[in-house]
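Given below, in the form of structure tokens, are the structures.
Each of the two complexes below includes chain A, the first together with chain B, the second together with chain C.
Presenting the complex of A and B:
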């Protein structure tokens, strides 16, 4: 395989991995603070992407034509709207079920995901059809042999990396981050230390859902097409990535996301059989990893053992 | 007090009158069915078909000469084989439903043929194009008004060869539908012998990311990318081809003949090839009549590519019930003997497998955001050129 082709595969894999990682980080955050799996996460991403698209249509109708300004406003609206949606979900669906078995939360968020997905399909104009997503980043590209290096991909990777670094900073260097980590480690102790438990849970859900909206916009910009089903698949993969990385660990989620994208690319390129089996291959490896490290590649520092 | 009793009396009289009118005019109620994908990625096509079948029933019920009053039972197969078998069983097990127009997706149509056969339930397929649906078995219950994908892939391979292309890469979804397209296209291309297939890629029907497959295709550098699958992933593949700087001709099938394909891609749709059985709706013998009536109903979406076939299938069912009565066995017997029957899609003749034999294929190219017939397009006249067209 020549170098250019290899570089192209790496680039494709990195873009996929970045999106998976952003989704996986959400799963891991929610699990960290509340020990729950929020299955509607992928569909929040879909709604985020569609909110961004609707915002773009609105801006366009109002006569805005600056690409950068459009993009910034779209991102801001989508992220804030999904942060608000995330808080609503946490406040009215997840927190009331705190004392119920964890399965109930899983089930209720799974159903909410279907509601969100079908709502996009039914209520967004012509929502059942694939929608073109505007290309708002510079379309310049350099053709280096077999590698078509696009400026927009590089920008998106950089933005994704910046968001993840920013999140790390927030969690490890700020008071809010300290509170989130405290709640994640021990709810009771955090409460006695004066941490407002409810507020921290809501903020965490807002952050996770905002990240999903960011990933949704990135998905739209990368593929220039969104549809009501994008979140379902990304949700399943993001969840798996979070699990293999080690649920509750941010680094684990990021590692899991890139690992999964790498597996899929390898599955398509190097395996002799049809690329249709790439997911079979990727998930089979995930199963093998789970058997080898049941708590994920990067384990939570403190895990409760009975 | 007096006023209320007066009002009651008037109400009562009105109710009696309505009741009398209803009984005096009452026809026997007969149920007929429709199955198609009403939710999911190809639901526009399913809803277009549902509306068209509904139109056939409405027009019949408005006809004073009709012997029965028809009620349409609609079920959703979601384009998923497992769901399709459930709804097919549900419909076939209901003895009140006499016959049905069924399935847009080949994967669901092929999954349900045994069910219909087991229950002795007559169906007319209105949109699915996999040949096996009628040809794998010889079930008296199964009929189809639209053509099969064999014919369209012959026409496709012929056009690609005629345009002088030598190398083709194939992407197909791994449902029965996509696999069928791959099989018949590959056969047809090999038979002509001018172009060769440099690589074949099976992809899942819900896949989002095709960059890995397309990067491999880019290395193979084909002149044409043939795509056997439906609109949602067709849009994604075409758009991601552009992202990777692949300049090949995008050569697709009847699966993308839908306005959703053009809306999903915008200017990128330009120059996509597609093929379909039958003529464009407005050019069908009864196309004008159909579109007029359809538009008058103000449905929530267009009839889409196969709406006219759904109408023709339902209309044929209603004609048969009018003729032989609401009895499944008699309906099957009558449908076993269909020759040169007039319909809005032209004359219909079923062969011994229940397949309509009138094979008319229309070649399309997308030009300025519209499906234009190839022979009338500026690409055929040489005014515009597809990538690599000589």
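Presenting the complex of A and C:
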């Protein structure tokens, strides 16, 4: 394989990995503060992408035609709307079930995911069909040998990296981040230290869901198409990524996201006779990793409470 | 002692009346075609149940069921047969009821895993699919007797499931969930991209034949003609009875006690010398076996298998049946399966919205009645024994 083709695969893998990592970080944030899995996360992403699309249609109808402005407004609306949705979900579906078995929370959010997905399919105009997503980033590309480097991919990667660095800064350098980490570490001690537990949980859900909306828009820009099922797929992959990385660890989630993308890419390259098997391969490796490291690559510290 | 037990026995009559009402209601619901009538029937049903619960009438029923389970089980079979006889020439209804029966068998298997041992399995539909594909392949390429095919379907589901044993045993909680979820996705993708098993189009399944008796022929007895689905209905009733007895005996036995103990507290159970690994394996394999048998039968009933019938979403439907019915209670599961399978089929007007409404229903149950419609009662060691 020549270098250009190899670089092409790496580029594709990085793009996928960035999206997976953004979704996985959400899972890990929610798990951190509440010790729950919010399975509707992927479908929040779908709704986010569709909100962005609707915003674009609205802007277009209103006569806005500046690409950059469109994009910024779309991202802002989608992110804020999903942050609000995330807070509502946390407040009215997840927090009331805190004392119930973990299975109930898992199921209620899975079912909420179904509600969101079906709502998009049924109530968005022709939501059952794939929708074209506007290409708002510059379409230029640079040919480096056999590598066709698309400018929009580079921009998206940079934006994704910026978001992750920003999140890292928020968590490690601000008072809010300190509170989130405190709640994640020990809820009761955090409360006694004057942390407003409910507020922190809601803010965390807002951040995670906003990230999902960002990933949704990114997904739309990358494939130039969205459909009501993207969230289910990305959600499950994001969840697997968060799990193989080790729940509760931001780095684990990022590592897991890129690892999963890497596996898919390797599956495509190594199984040229049947690259359709790439997902079979990737999920089989996920199962194998779980057998090898039962609590993820960056292991979660578990102590038995008797 | 015997005298004491006698006096504390509840009357069996409320149970029989409840079963009779349920059978009549089910027949009415299945027979009615008009949408407005169906909706009003469903509304009446819900109101009657809530009212009966409000007036305390259901306590007698539940006591009757716990004290006279075997007798009432017999009556339940009679009620089921009455439904079968009433619809003896209606293909569609018989197929629907047979589907319910086989889904019940599958959820009974899932119940051993989730309800007793606490082993998560989010790939129920995949193991069901393994059974169905087994019967598709074996019926097409071999001349194995079809009852043996059912057995092989179950064994194969257990065998393929045992590939997951290592990760399932080593992981807990959410980490265990991802193992089976990954398997469910892997399985469906595998079926889709695989040419040998028919790819996304799936494949035909030959109907069942036992000792020359072909299940796919209509039956004529004198002037009465019976739908061929009556064959499948009958054998599915037998399967359900078998599965029910197995699950019930398992629960009542010391194996069930061990499973309960390790679900409730794994650490404590192992401190008391229970072999956690052994019982988890037992529960996982028996559960998958039952699911596989049901799947193999279902493949022959439906005469067609395709990857789209065995997705992660279908696994979730199985799990939500479990939760809706009341985890760990076999009676509740059967009731819940009827609700989940029959209601969307009958309500053609909401066909498009059924997943939406159904998901909302489960959310409602989880928020307002998290223990399910018929919660599992306290374990009874003897009939009539009051804890």
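Side notes on the structure shown:
Throughout what follows, the second predicted complex is superposed on the first by the 296 of 306 C-alpha atoms of A that agree within 3 Å, B and C clash if a C-alpha of one lies under 4 Å from a C-alpha of the other, contacts with A are read in each partner's own complex, and residues count from 1 in each chain.
Heads up, the rule we're going with is that contacts are C-beta pairs under 8 Å (C-beta built on N, C-alpha and C of every residue); 3 or more make two chains touch, one makes a residue touch a chain.
This one's a predicted model, so the numbers in the text were calculated from it and none came from an experiment.
Per the definitions stated earlier, placing chain B and chain C onto a shared chain A by superposition produces a clash between them. Legend: residue contacts after superposition of the two complexes on their common chain; A:104 is shown touching chain C, with no touch to chain B.
Touch criterion not met for A:168: it reaches neither chain B nor chain C.
Applying the stated contact rule after C-alpha superposition, one finds that A:227 touches chain B and leaves chain C untouched. By the touch criterion defined above, A:185 reaches neither chain B nor chain C. In the superposition on chain A, contact is made by A:131 with chain B only, not with chain C. Legend: residue contacts after superposition of the two complexes on their common chain; A:283 is shown touching chain C, with no touch to chain B.
In the superposition on chain A, A:118 contacts both chain B and chain C.
Taking chain A as the common frame, chain B overlaps chain C at a single listed stretch, which among 170-178, 206-214, 224-232 or 350-358 is 170-178.
When the two complexes are laid over each other on chain A, chain A has residues 118, 274, 276, 279 in contact with both chain B and chain C. Within the complex formed with chain B, the residues of chain A that make contact are 5, 8-9, 12-13, 15-16, 118, 121, 126, 128-132, 141, 143, 146, 148, 150, 222-225, 227, 229-230, 232-234, 264-265, 268-269, 274-276, 278-279.
Those residues of chain B that touch chain A in the complex are listed here as 39-41, 43-44, 174, 200-204, 206, 208-209, 211-213, 215-216, 218-219, 231-232, 235-236, 239-240, 243-245, 260, 263-266. Taken together, the chain A residues at the contact with chain C in this complex read 31, 37, 93, 96-97, 100, 102-104, 106-108, 110-112, 114-115, 118-119, 122, 236, 239-240, 243, 247, 274, 276-277, 279-280, 283-284, 286-288, 290-291, 294-296, 304, 306. The touching residues of chain C, counted against chain A in their complex, run 114, 120, 164, 166-167, 170-175, 177-179, 181-183, 185-186, 189-190, 192-193, 267-268, 312-313, 316, 319-320, 323, 352-353, 355-356, 358-360, 362-363, 366-367, 370.
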